[in-house]
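First chain written, first letter: the chains are A, B, C and D, and each begins at residue 1.
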């Protein structure tokens, strides 16, 4: 991912892009991919019936991470209130989805990897939110 | 849109779908389309330079309405906290974007229509959030 | 949905918006919502194991309809080749997903409604593609 | 991004994930982020009027890469025809957007980086399409 180089060449940024912001963008896109993959892997499991809550949260979390990554990427104009709301919402989505994935971590490796990705993304969103004040 | 019929046939709903919920889903999808269209129409205006903040908010608002519509559509399992957060975030996005659009309503008919759509969607999200308690 | 009014006020359109184009945009957004809802309703069914292929196609079709609706909405600049490709891809997605849904139409009302929505969207995409030549 | 580990733990894959597939997923998500960033950086340029076609293609390309990444990630059930169509559409989107970005590469570093990302993603989609036969 080239979030760093892209933001460095943004006319409104003048090279000022906090590491927290870059990390947040990268974790959001990465977590969106991981949650999409976990929802799909859960759907292929024999005991899919036990994983419907996990699939549902994965689908919601993938959508939220996806657009949080987009919104935080945009640096033109001003949209601080919306960005803070989305960082908060995304941190909540990642906490709920990560906790649910971790309940299945012992049986399903994809849930373990995804749970850890969600918790990492949660922290990156919280950190980016703090740095923005 | 067939949100009503689809939710009526959902195995977890047993016909129980509040009007507020259905209206919220429909306004979210409709507002997502309107904001995408307004961003694009602004981009084609001669004075695009005066509309960059409007375009930026339109792009963010389109993304948020899009996935709020998806998340509220999903009724399997339980995801109340995430849904409330997204309804709040979406109401904020619609307020900010709608207010900005209204600043250009006199010059640009697309901004007027979009501003009204945003404010309608904001109310639908707030109403759905209240009904969910 | 206000696709008609929005396109009428687009600076590049001068009121020229074919009915086929408007109908395609509306069917794409509507089908995106219906497929998201059907994937979720299938996930809540007791026999979810028999519906995994249906869920998978619903998720893909929802994503494709979503962005086809966005791309066809945009009228600034020129992007004919991309638009034709997406209209074709969306028609294929709707055919495959609609056919699969129809296999479950007798047991699940949500699959019947969704199958019909997919086939309607397929036709709207094909018609819009023809009108664009 | 953890596409490799996720697909290795997918119940339908048994460790079989071609490098071409993994690379395609990663390039799609990365290119989606880069195009979103380039559209936004173009919007902030003084001469935004000269970049409207670039912005428009960037927005379309970001959307297409986003969902191609999602669709290729999903391995449950069978959806070969849809996947091939989307890989083709995504390669076309990346070619058109990459070529347009390259026209502005000398003036805008973000367009140069984005043009290269698009061409890399185009090749990754073509390669994944060939390996799938």
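Everything below uses one rule, namely that contacts are C-beta pairs under 8 Å (C-beta built on N, C-alpha and C of every residue); 3 or more make two chains touch, one makes a residue touch a chain.
In UniProt terms the chains read A, B, C, D = Four-helix bundle copper-binding protein.
Just so it is clear, the structure is predicted and the values come from calculations on it, not from any experiment.
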Those chains which touch chain D and also touch chain A: B, C
How would you label the chain A and chain B contact, same or different, if same means the shared numbers make up over half of all numbers there? same
Cα centre of chain A to Cα centre of chain B, whole Å, reads 21
For chain B and chain D, let me know how many angstrom lie between their CA-based centres, rounded off. 27
Sequence positions of chain B contacting 2 or more other chains: 40, 43-44, 52, 55-56, 59, 66, 70, 74, 76
Which residues of chain D touch chain B in their complex? 40, 43-44, 48-49, 52, 55-56, 59
Counting only contacts in the complex, chain D reaches chain A at residues 1-3, 5-7, 9-12, 25, 29-30, 32-34, 36-38, 40-41, 43-46, 62, 66, 69-70, 73-77, 108-110, 113-114, 117
The answer for chain D against chain C in the complex is residues 52-53, 55-57, 59-61, 63-64, 66-67, 70-71, 74, 76-79, 81-82, 85-86, 88-89, 92-93, 96
